[in-house]
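Chain nomenclature is as follows: A, B, C, D, E and F, assigned in order of appearance, with residue numbering initiated at 1 for each chain independently.
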C-alpha cells in the first residue's frame, strides 16, 4: 500500500506571460497553480504515493480550479477547507540571459492566510499518515498559520509521523528575528531539514567558519559544517542542502548534499538549461521524501532528489511532472537527452 | 482646443478565459484593464477629447501595465498616484446562450481602496477642466473614497466643472442604506445623472407608480416618471436612463432615454449580438458626455450615446474603441454591418 | 453521504481545430477527452456525487492524460484498468450555419475495444454503488464489450444497483440487427432508458403510428407512444426521450419528455445558440440520474435534465461543467443570461 | 480528364486580427492569402478540376508563401511569374453586430500591379484550357494589367476558351468612367458575366426602371431587367446576379439569379450566420463555373453556385474549402447543420 | 529539367505539445505531417527537384491534410493511393536539458501498413525517374510493405534508377533478426546507403574492431571500417555515416562521413542548439541525394548534406524548409547566424 | 524636470512568425512596431525622460496602432504628422543556431518616405528640447528625408540642442557613395556619433591600419583608431563603437567602447543568450543618451549603455522595456539572472 504523506501550506494562482515576455508586455497570462507544499504533494502523487494537501481555499471558481489542478495528479484534496475571500496570486516573469526572473506576490488576505486553528482537524488528517511536510513559508504567512503549523507538528509527532521542513526564508513575509523564533520552535519537531546555505544563515544565523582553503574544498567543508550545526541545534535525523550556481537566467548548475549520521553525501552536479526554475527546490523535497520513504541508501537518496529537481527545471509550471522511472534513469547517469522512441 | 474631462475611480486587471471557456477550464487568461470611470476616459480620448483618469496604483509592473493601457489611447495619466499594495482584479467568464456571464471580484485591499484624501490635489487636477465624471462604484469601495469623492465634487463645483455620475449600484460593495446616504450627498453636486431603472430604485428607492397601461406604454411613462423624480430630488440638468433587455447571454436589446427640461427623448433600440458586454454602460456615459460637450441636441445626444454603446457590445475588452465617425454612421441609421472597403 | 454511480465505456482523445476551422485548415488541435459514459460521470461528479468511471486505457502518457482529465473533476478512476495499445481518438470539426459539424472516428484497436472479461471485477466495482450507467455505444464497440456489458448488468442487478442506458445507436459501429439483438438482451436489466425517436426506431424498430393530427400534437402523442412501447417491451421504470430540432449548426431547439408510471412530463423547450454540441445527450443523462438519485418529482426531473443539457451546449468540450445551482437557476426559469456579479 | 481552368489576377497577403478584435487591438495577425481570381481557382481545385492561377509574385518568402498556399490545394502554380518588389497586403477587421467589417488595402506597387505584357505567354498558358476567369479588380489595378487582360481575353477567345468575368467594381481602384471604358472593351470577349445590382450600375450604368410594384416583385423583375440589358449590350451567354441582404455584420441573407436564354432562375435564399464573409462572391463564381463545366441545368447551376457560396460564409479565410458532395448535399436541401458522424 | 526522385513510405500526423510542455500537460497539440521518406521528398522539392512521394492514405480529411502538406512544398502527390482506414499518428514531446524527447507511436492499422502489392504500379511510377529512396522503417511496418519495397527496388533497378536507403532501425517495429533478413535482401539493390554506427550494428551486426587508440582517432577509423564492411557486403557505391553526439536534449554535435571509392570524407562538426531534432537524419538524406544528383565532389557532397541537416535542427516540424543557397552558405563556412537584412 | 529628447525617423509594422518558425511556415504574425529612432525614444521614455518621436504616419488604423504603441510607453506623439498612404512593414524571421535571422523590408512608398519638408515645423518641435537623435537610416530612405534631416539638424543646432547620430548603414537603401556624401554633410552637426567598425568603413571609408599585433590587442587599438579618425574628421564630442561577436543566431557577445577627449573606455563584455536581437543597437543609443543627459562619467556611461542593450537582447520586440534600476543593477555587475522575489 502506498505511503501516505500530508503537506500543508498555501497554493496560489500563478500568472505568467508567455515565453520570455515581460509583464508590461503581456496581454494574456498562462494560469497554473502552485506553492511550496502543494508542489511537493504533486511530486509524490506522481511517484505513486498517497499524497494529500491541506489548505484553505475560497469557495468560488478560482478556488475550485486550484482543487482541480491538484486532483488531476491524484493528490488527495479531501482535507482542503473551503471558505474565505481569495486565493493568493503570484505573477511570474521569466527571465532570460542577464535579465532575472521576477516574482510579484499578491497574496495578502488569502483564505489560508486568514485560516483559523479550528479549520483543521489534525487528528483526523494524520490518520494513517507516514510523513508530514511543510516549509518556512507557511508559518511566515500569518501569526495564525504559525500557530496552526505548531499544532500540526505536535499532532504529527504524537502519531509518530515523520516531519520534514524546507526552511525557505522569504524576507517579504517576515523578518529574520521572527523567522528565527518561530522556526526555532517548529524545528524542534522536525526530523528532516532541507535548506540552502542562505536559508540556514538567514533563519538561524548558521554559517560556515571556513578559512584559507581553495574554493571548491571550502564549500564542501562549509556545507558539512552548516549541516552539522543545524543537526546539533535541532537534532535533525537528516539535513539536505541544495547547491545552486546561477550562471544566467537560462543556465544554472544544480547539486545537493545529504548530511546523515555525521556523514556527507554529495550528488552529481547538473548543468541545467532552464525551462522553468520555479518549484525546483520543492521538487528536490519531493524526491527526498520519496527516497526516504522507500528506504534508499543515503547516496541514492541524494542522487534521486537532485535528479528529480534537475528534471523539474525542464518542465513548465510549479509542478514536477516526472515519473520514478525517469528520475532513476537520470540518477543512474543518462543525461544525454537522446530521443526515447 | 479639445475639451478636458477628468474621471476618477478604480481601474482593475481583468482576467478572462478565452472565448466561452469557463474559469475552471482556463489555462490562460486574457489580460486587459478596465473600470467604470477609466472606460469613460478611454471613450472620450478616442473621440479626441483631452481625457484624464485619476486613481491610485501600485508601483509595480501590474500597476504600470494599467497606466500603459490608458496611455495607449491617449488618456492623460499624469494625475495617477503611485503607491499602495495591489491592483484590484476581476475575473470574467463570458456567458453564452442561457448560461450567464459571471464576474468574480478580487478587489479588496487595492491601492485605490486604501487611498487617502491627501493623495489627490483636486485644485490642480481640475485646472482647466470642463467635466468631471465618476460612478457610484467609487464611493462604495471604501469610506475614504466616499470622502474623497465628496471633496472632488466640491472642488469641481467651485471651479464650475460640470459633474456627471452613473449611479451603478453594486450590492457586493455596500448596502442600499449606505448607498442612499452617500450617493444622496454626492448627487447634490451632480449635473448629469446616468441610471437604469434598477439603480434608481436600489439607491434612492425611486420607481414608477404606473398602473393599468399596456406594457410598452407603461415603460416609457415609467422611465419618464423615474427621471422626473430624480430630477426633482437632486436638481439634475439631465437624466439618462439606459434600457437593456436581456434575451440571452448572446442577444440583448439596447436603448436609452434622455430626460431634459421636462422632456423625454427615446433613442432607437438595437438588437445586439454580443461580443463583450462589459463596459456597455460606461460607453454610454462616454458617448453622452461627448455629445453634451459638443452641444448636441437632446435627440442627437441620446442617439449618439446609444449608438456608441451599441458598438461597444461588439468590441472585446472594457474599453470602447470606436471613433466619432463610426458612432455617427450608426446613429444616422446604417446598422447593416456591410463591409467597409 | 454522496450517492455512488458507476459508468462504463470508452473515453477518447478528442482533437478539434480551433473555432470554426475545418480539419484541412488545422495546424493545431485542441485536445480534450470525452465519451458517452465518461461525460455522464463528470456531470455527476460536478454535482457532488461519488461518480466512478470504468474503462481500460493504455499505460502511456495519452492514457494517463485521460485519467487526469477525469480525476481533475473528482471522478473516481481507481477502477480503470491500464493496458492495451492505444486510446481511441475522434476528430471533431465544428460546423457553423448551414455547414454541419463533422466527426471522424479513429477508435479501432483501442485498449477498451480489446479488453477482456477478466479485466473487470464487477463484484468489487459495484461494492456500495447505487447506480450503473452505460450507453449503446459500449456494446457496439466489440463483441467482447457486449459480453462484458452483460456481465456488468447482471452483477449490478444482483447487487440491487439501478441501471440506466442511453440507446445511442451508431451505425458505423454495428448494424441495426446486431444492435437489436444485443441491446434487446441488455435492456432486460435496464431500469431507466434514454432515447430519442431515431434510436428507438433504429435499435428496436419502435415508432409512433400517429395519424392525422396537427404537427405539434402528433409529436407529443408520438413520443408518448414510443415511450409506452419501450416500456411495455422491456419493463423500464422510466423512459426519457430527448427532442432536438436542428435549425442550423449554430441554433438548435432542445427539450425532452419523461415517461413514468404511464404519464408523460414534457420539459420547457430552449432555443440554444450552440457553443459545443457534443456531449449534449450525455449531460441530459447526467442530469436525469442526478434528479432520480435525489428523488425529484417527474416534472422537476425532466426540467433539471433538460436545463443541465441546455447549459452543456454553451460549454466547450464533452464534459458538462456546471453546478447544481446553475442548473436549478435555469430550470426555475431564469434563461436571460444576465451577468452574475 | 479534369477540365482545365485558368484564372488571372492578384493574390494578396491577408492579415486579420483574431476573432472580433479591432486592428488597433491586434498584437498578432492571422496570415492567409487570397484574391478574387485565386479564390475561384482554389474552389475549382477543391472540386477536382485542373485549376491554374496566373499572377506575378516577388521572389522572396512572402511571395513563396502565396505560391505554397495555392499549391496546398492543388492549384497549378507553374504559370506564376516571379519578380517585382512586393506582395499586396490587405488588413481585414471582422465586424460584429452593428459594427461593419473593415478592409484596409495596402496593394500599391505590388509585383502584379507592375507586371508587363511580356511577363505572360498566353498562348502557352491557354494550351488545353477550357475556361478563363477574371474579375473587374484585375484591370483596375493598373493600366498595364488592363492591357494584359485584354490580351489574355483575345488569346483565350482565339483558342475557343470560355471566358467569365465578375464585374466587381472597386471605387478605390478606379473611377466609374475608367471602369466603364475598360470593362466595356473586355466584356465583348466575355461569355459568362457575374454581377450584383450595384456593379452593373457602377460600371455600366445599367439599372432596372421598375415602378409601382410591391417590394419583392419589383426586385425579381428588376434583376431580370438588369441581366437582360447586360446581355443585350454584350451578348453574354449567361448572366448571374448575386443577391445579398445584410441584416448585420453577423447575419446576411444570400441568394442569386441566373439569366440564360431569356429565362430567369432564382435560387433558394439562405439565412447565413457568418463566420467569414470575404470571398463569398468568389465562391459563387467557382460554383458557377463548376456547374457550367459539368453541364448542369440552369436551376441546378444557380443552386449549386449559391449553396457553394453559402457554405463559404462558414469558413475562415478567403478560400472556399468545400467538396462537391458537401455543396450538393446543401443544394439538395439539407441545411440543418446536423452532426455528420 | 529538374531531376525526378521517388520516395516511398509512411507519412504520419505528428501531434506535439507546444514548446517544452509534456504530453500530460497538453491541452492542444501542434499538428504537422512527416515521416522518413516524405521528409526527404520535401527537402528535395525545396531544392527545386521534381520529388514525388508514394504512399497510401485514407480518403478522409486527415488523409487529405497529409496530401496538402506535401503539395504545399511542390511534392508530386499524384501517385498517392487513397483508401484504408487511418493515418498513422505519432505524439512528440520535446525534451529539454536532461529530459529526453519522447515519441509515442500510434501507427498500427494505418492505410499504408495495410496496403497491398496491387496498390502501386511501379512501372508507371518510375517512368522518367532518376532516383528512388526508402528507409528501413518502411519494410518494418508490415510484411506486405517489405514485399512491396522489394518489388519497388526491382522495378527501379530495371529502369536504371539509382536507389538509396537509410537503414533506420526501429526496434519497436521488428526484431534485429527480421531486419537483418529483410534489409539484407533489399540492400542488394541499393546504391547509396545511409546509416549511423548503431543501425549498421543493429541491422547487420557490423561494427568496428578498433582497439587501443585514443578516442578521437578510434572513431574515425571505426567509421571507415563500418562503411568498408557495409560496402564489401552489399557493393554500395557510397556509404554515408552520420555522427551525432548528444550533449543534452538542447545541444547536440552533428557531423558525418562519406565513404566512396575506398576513401573517407569527413564533414565539419556543428555544435547545434536544437529547435526540433526530428527529421534531422532525413534532411541529411535529402541533402545527400541532392548533392549526388548534382554531381558534387565527395567532400562537397558530405558538407552539403551535413549543413542541410544542421539547418534542419533549427526548424520546427519534420520537414527541412531550407533553400540550396542557405545550405551552401553554411557549408561554405558562415555559421555565425548574423541577421540577413 | 525631465530632459526632453526628440528622435526622428521611420516606425514600421513588424511582422514576425511565432518562436523560431520560418516565414513560409507562418499562419500568423506577431505584430509590433519599431524602428531605429522610435526604439531610442521608447528607451528614454522608459527611463523617465520626456521623449518625443517625430514621423509621418497614414491616417488609418495601422498608422494609429503605431501611435498607440508609442503612447503606451509615454512617448510624446503630438508631433507625429498624419497623412500619406502606408506604414512601412518589415517581416522578421528569427534565426536559431546556425540559421541566421532574416529581415524582409516592405517599406517603399511609406508616409514618411514621401513626407515633404513642410510637414515638420522644427522650430516648434525643438522648443525646450535638450537632445536630437537620428540614424543613418532616415536620410537613406528618400531624398526628401535627407533634406529634412539636414533642416532638422540646422534647427537643432541653432537652438543649442545636442545631436546624436547612429551611422547605421543599410546597403539596400543607398550606395556607399550616397551615404558618404549625405552623412558627411549631416555629421558636421552631430555631437555624439554611434557606430560599429563596419559602418565607419562603409559610410566614410574609415578603418584601422593596425598591423602585427595579437588579435585582442589589435582590436582595441583598431577601435580607438577608428574613433579617433571619425572625431578628427567631424569634430564629434563623443564616439561610441559597439562590438558584437556573433557566435550563432542564439549566442552573441556584446560590448562597446566610448571615445571621449582622446581617451578610450571599454565596457565589460556580456555573453548573451538571445531572445530578440532586433533593436539591440538602438537600446545602446538610448542608454548612451540617458547617461550623457545625466552627466555620467565616461566609464559609467559606456557601462550603462552596454548593460541596457545587453538586457534588450532578452526582450521580445524592438523596444527596450527596462528601467534605469534594472540597467544599473546589471551595469554594477549582477549578471547572475537570479530570481527577484
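A few comments on the model shown:
Note that a contact is a pair of C-beta atoms (placed from the backbone, for glycine too) under 8 Å apart; a residue touches a chain by one contact, two chains touch by 3 or more.
This structure is a prediction, so every number in the text was calculated from the model and none was measured.
Counting only chains that touch, the fewest steps needed to get from subunit C to subunit F is 2.
Ranked by distance of CA centroids from subunit C, the top chain is F. Separation between the centroids of subunit A and subunit D, computed from CA atoms only, is 63 Å. With centres set at the average Cα position, the gap from subunit C to subunit E is 46 Å.
The residues of subunit F that reach two or more other chains are 19, 22, 24, 27, 68, 102, listed in rising order.
If you check each pair of chains against the touch rule, the ones that pass are A-B, A-C, A-E, A-F, B-C, B-D, B-F, C-D, C-E, D-E, D-F, E-F. By the touch criterion stated above, subunit C contacts subunit D in their complex at residues 19-22, 24-25, 95-103, 105, 170, 172, 246-251, 277-278.
If you check the complex, the residues on subunit F that touch subunit D are 15, 22-24, 26-32, 60-62, 64-65, 68, 85-86, 89, 91, 93, 102, 104, 106, 108-109.
Interface of subunit C with subunit A (complex): residues 68-69, 71-74.
Chain contact summary for the complex, subunit F toward subunit A: residues 19, 270, 272-275, 307, 310-311, 313-317, 321-322, 326, 330, 335-341.
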